[in-house]
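Shared between the two complexes below is chain A, which has chain B as its partner in the first and chain C in the second.
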Partner chain A sequence: MQATIGAEIRLDALTKSYGDNLVLPGLDATLGAGEFTVILGPSGCGKSTLLNLLAGLERVTSGRILMNGREVQGLAPRDRGVAMVFQNYALYPHMTVAENIGYALKIAGVPRAERDRRIAEAARTVALGDYLTRRPGELSGGQRQRVAIARAIVREPSVMLFDEPLSNLDAQLRHGTRMELAALHRRIGASSIFVTHDQVEAMTLADRILILNKGRIEQFDTPEAIYRRPASTFVAGFIGAPPMNLLDAIAESGRVRLASGTVLAGTGANGPVTLGIRPETIHLNDVGEPVVVDYVEDLGGHHVLAAHLEDGQSLRIVTPPDRRPEPGERLHVSFAGASVHLFDAITGRRLADPAPIRSEGVPA
Partner chain B sequence: MPPSFAGRWTPFWLSLPMLLIVALFFYIPVYLSFWWSFTLERPFGGGSEFVGFQNYARVLSDPIFWDAAWRTLVFMVFGSTLAIIVPLILALAADRMVPLSHTARNVLIWPKGIAGASIGVVFAFIFNPFVGIMAPLNGLFPGLWNPGSDGTDAFIMLLIAHVWNGIPFNFVILLAGLQAVPRSLTQAAAIDGASPWRRIRDVQLPMIAPQLFLTFVLEFTESVVSAFALIDTMTQGGPGGATRLLVYKIYQDGFKGYDLSGAATQSAILMVFVLCLAAFQFLYLEKKVRYER
Partner chain C sequence: MSGDIVEDTRGIDRTASIVLALGLLFILGPLVFTLITASQSYDSFVRSGISPVPGTHLIENIRRLFTTTAIPAQVVNSFIVALMVAAFKCALAFVTAFGLVFFRVHYAGIVFAVLMGTVLLPLDLRVVTTYQVVSNVAMPVNGLLNATGINAMIAAFFGAPVDLQLNLLDSYPGIVLPALATGTGVFMMRQFFRTLPGDLVKAAQMDGAGWFRFMIDIALPLARTNLTALFILMFLGGWTMYLWPLLASSTPAMQTAVVGLARLSPQGDGQVPDYPLIMAGAVVVSILPLLMIAFLQRFIVRGLTLTEK
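Our next item is the complex of A and B:
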């Protein structure tokens, strides 16, 4: 498959509403040329809507979409150089695999010989060469998925849109397809926009992740930055498995305390705050903050404990596999050396980095 | 093993009423009319005489029979084609949610509740050359429209009434088919560059092939046999036999002309024709219809 040039996509005050339902209240973002952008967000936050706007399947309410500087929001789908892979594959059931892949070329009037060559090439790229004469009804889910991808890449689009393309596959197939998609993206060079609500897909595939919450961009950054410096409690609670703990705490005289008085971090902030702590950076010890275990998930390599503090706030803790606590058991945990994040208790936005404590009760 | 009834005869008892009705109103008349087509029936009773194929020879050598047969064929081809194409266009529009499609959906279904004879009466009035919708045009171009004296006008009027009569059912069937086509398929086609017309041709029509097949089978039969009520109320076969289709000729010959054997013979021919048509559709066309989605 020859490399195409990906388009830079700019969203300029893009809004979309269905009647009174303002789904996208205003998006501004620039997606780099050839970049792999993952749009991540909970169900109903407007991910598919955004993708449909980019593809031209829905009309924008206001604002602009620019691809390589060209305004496209008024153009028909076929004039945008965009290809799309649908969640349910959307293969034409009455056409063979080859006809499915080649339909766009046929419409574009590509001569028969070249069409056949490009169909064969696209099919080879997704390892489907043997199935060209079958119909979609005679293929497995994974194979249909490949046909959908071949249908998208055969046109050598400058933008590839994926709407949760892996969600109908089983875990193993999903893993394999994920790696192939990443490789394919590097090979064909199109700008890819991939919608998912699976954070593992987002973390592994993305150059940058755009996190949507109720149609607004919470954060648009590299997976690493999103993991290390979540911009809000929403992002913090969305990324990581299990996600970050968010505790109500008080910041005063340079310290962040729990209601129990335990010092968790040093800070310059004052007043009520939300403190984020990654579950895998909390340790069990004999003298720290007491917690009661509610529930234990044994994941083989580690345990995930759902517990609660004395003031009732819940806390997730990742513990090594050597000791398996029981529900109802009283444990002590230490936040020393934990990765801590501070958020405004009201707006949920990130505050200046707090200082982690080195040992029990002593801020750095 | 599929679940079965406890009593061996239970299925028989359960289906007996239906079997009786079908026998009484379908198989016995069919049998009788085939029997009569081989006999010479006296119009006022008093015995019959077996005459072999004489009735057939007589009917088939009658130019009026061939005239009616030809008109039936023309009516069948144009009537059923239009009675599918018009609802198809309406269904495509309703499926695309053009403005007012919700209202239209309801309005289009109501005619289903009207008997053919009533439609005939209403249309005869609507197309009346002096007070109907064509009256203003007749004022401008005198004699342009007069189904009472112009055979072509009468035939067109009959066609329109028939098509209108067929709209509700075919519309509902085709719209149901279109609505079952996943939206993502037409979206995918749009992204693949297909214009709305190509999407209809390449995606939507193939996807509703089963529904189209069903409407064609029913419509072909319908157009041959059920134009009777319309003809009887609007034109009585006239003017000059222009709207005398076979069904109406059979009625005229049998009940007006008291040629019972001739009418029975023509009924038999018509039945064989409709049967062959249906057989062809099922044996040949249905193979081309894919039901998988």
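Our next item is the complex of A and C:
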């Protein structure tokens, strides 16, 4: 497959409302040329709406979409150089694989010979060369997905849009397809925008992840930065499996304390805060904060404990597989050396990094 | 008691078979007598009435039907009328349902409800007004000119009001057009279009297809089975229409076969009707619909189950 040049996409004060319902209250972002951007968020956050706006399937309410500096928000989908892969594949059931892939070219009036060449090339790219005369009904879910991808790449788009394309595949196939998508993206060079609510897909595929919450950008950064420095409690609670623990705590005189008095970190902040701790950085010991185990998930390589502190706040802890705690069991946990994050208790935004404690009760 | 379910199926099978046989008898009985009577000679029918054994005059009766009555020409009329009714109804249903489902139509629900209203007001209920309109299609225009006072002005200037006349009685359009105005087909096509995934429309848009290309390249081929079923049902409906063709056509040359069949019995002069001839006519007139059902019923079943794989 011939590599195409990916377009840089700029969203400029982009809004979308349905009647009185403001779905996107105003987005500003720049998606780099050739970048793989994943739009991540819970259902109803506006991510599919954003994708439809980029595709041209829905009209923007106000604001601009620029692709390589060209305003496209008023253009029809076919004039934007954009292709899309749908969640339910949306293949034409009465057409063969070749006809499905070549339909856009046929409409665009591409001559027969060139059409056939490009269809064959696209089909080869997704390893479907032997299936050109089949109909979608005769293909497996994974093969249909490949047809949908071939149908998108045959137009040599500068932007590829993916609308939760892996959610209909079973877990094993999803893993394989994920790797193929990453490879395909590198090969064809188009800017890819991939909508999903699955954080694993986001973490593994994205150059950068755009996290949407109620139509607003919570954070737009690399997977590593989003994991290591979540910009808000929303992001912190959305990324990571199990997600980050968020505890109500008090910051005063250089310390962040739980209600029980246990010191969790050192800080310059004051007042009520939300403290985030990754479950995999909490350790069991004999003298630390007491917790009661509510539920144990045995994942083979490790256990995930759902527990609660004495003040009732719930806490997830990842423990090694050598000892399996029982529900109802009383344990002690240490936050020494844990990865801690501090957030404003009201706004949920990230505060200045706290200092982790080295040993029990002593801030570094 | 768990074995009962399995054991009972045999009993159910037997009961079902008996019910089925009775139903078959009930339905086929009249048909058998039709065939038997069609094979009697007129003389033996006049002498001994309906016979339980077949006679030998079936071919003779059919020959008489073809040489002495207007039925052959009327079968052609029936075919033309049924074909036009079915073709136009399918086309209307397809286009209307397409518009209702794939366009953002304001008050689409109300439009659809009004269309469904035509199902509750069939042609048979509206024959008198329909007859008036068909006898002069320009009547509404005249009415409008009168109501708005334009005609009064025209009368004042030119001495006479405008009175347009366009009579469609005794013509194919006159028989066919009123029969088209029913929403059954729209309902069937709408239900089918609603089963298509919404992403299909979006995918076609992304591929650069406008609504017309989408209609021709995607909606039409996908609706093929449903349209075929609709066509067959509407053809049969057009073929067996009675009341409206009876009123709309006054000459035997324009009457349909079903109407002509009824006209074969002499009206009023005390003569015994030529039932063998009439029954032979019934057989001939039923053959085409029977063949259609026999050969095309799988399309009807497939089209009506509304599932497209």
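We take it that the second predicted complex is superposed on the first by the 364 of 364 C-alpha atoms of A that agree within 3 Å, B and C clash if a C-alpha of one lies under 4 Å from a C-alpha of the other, contacts with A are read in each partner's own complex, and residues count from 1 in each chain.
Assume a residue touches a chain if its C-beta (ideal position, glycine included) is under 8 Å from a C-beta of that chain, and two chains touch if they have at least 3 such contacts.
Quantities reported herein were computed from a predicted structural model and do not represent experimental measurements.
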Chain C versus chain B on the shared chain A, clash or fit after superposition: clash
Touching partner for A:57 - first (chain B), second (chain C), both, neither: both
Touching partner for A:284 - first (chain B), second (chain C), both, neither: neither
Partner chain(s) touched by A:94 [first = chain B, second = chain C, both, neither]: both
Which of chain B and chain C A:82 touches, first, second, both or neither: both
First, second, both or neither for A:104, with chain B first and chain C second: both
Overlapping contact positions on chain A, where the chain C interface meets the chain B interface: 52, 55-57, 76-78, 82-84, 86-88, 90-94, 103-104, 107-108, 137, 151
In the complex, chain A residues that touch chain C: 52, 55-57, 76-78, 82-84, 86-94, 103-104, 107-108, 137, 151
Residues of chain C touching chain A in the complex: 197, 199-200, 202-209, 213, 217-218, 221-222, 308-309
Contact set on chain B toward chain A in their complex: 182, 184-185, 187-194, 198, 202-203, 206-207, 209, 290, 292-293
Chain A - residues contacting chain B, complex: 52, 55-57, 76-78, 82-84, 86-88, 90-94, 103-104, 107-108, 135, 137, 151, 155
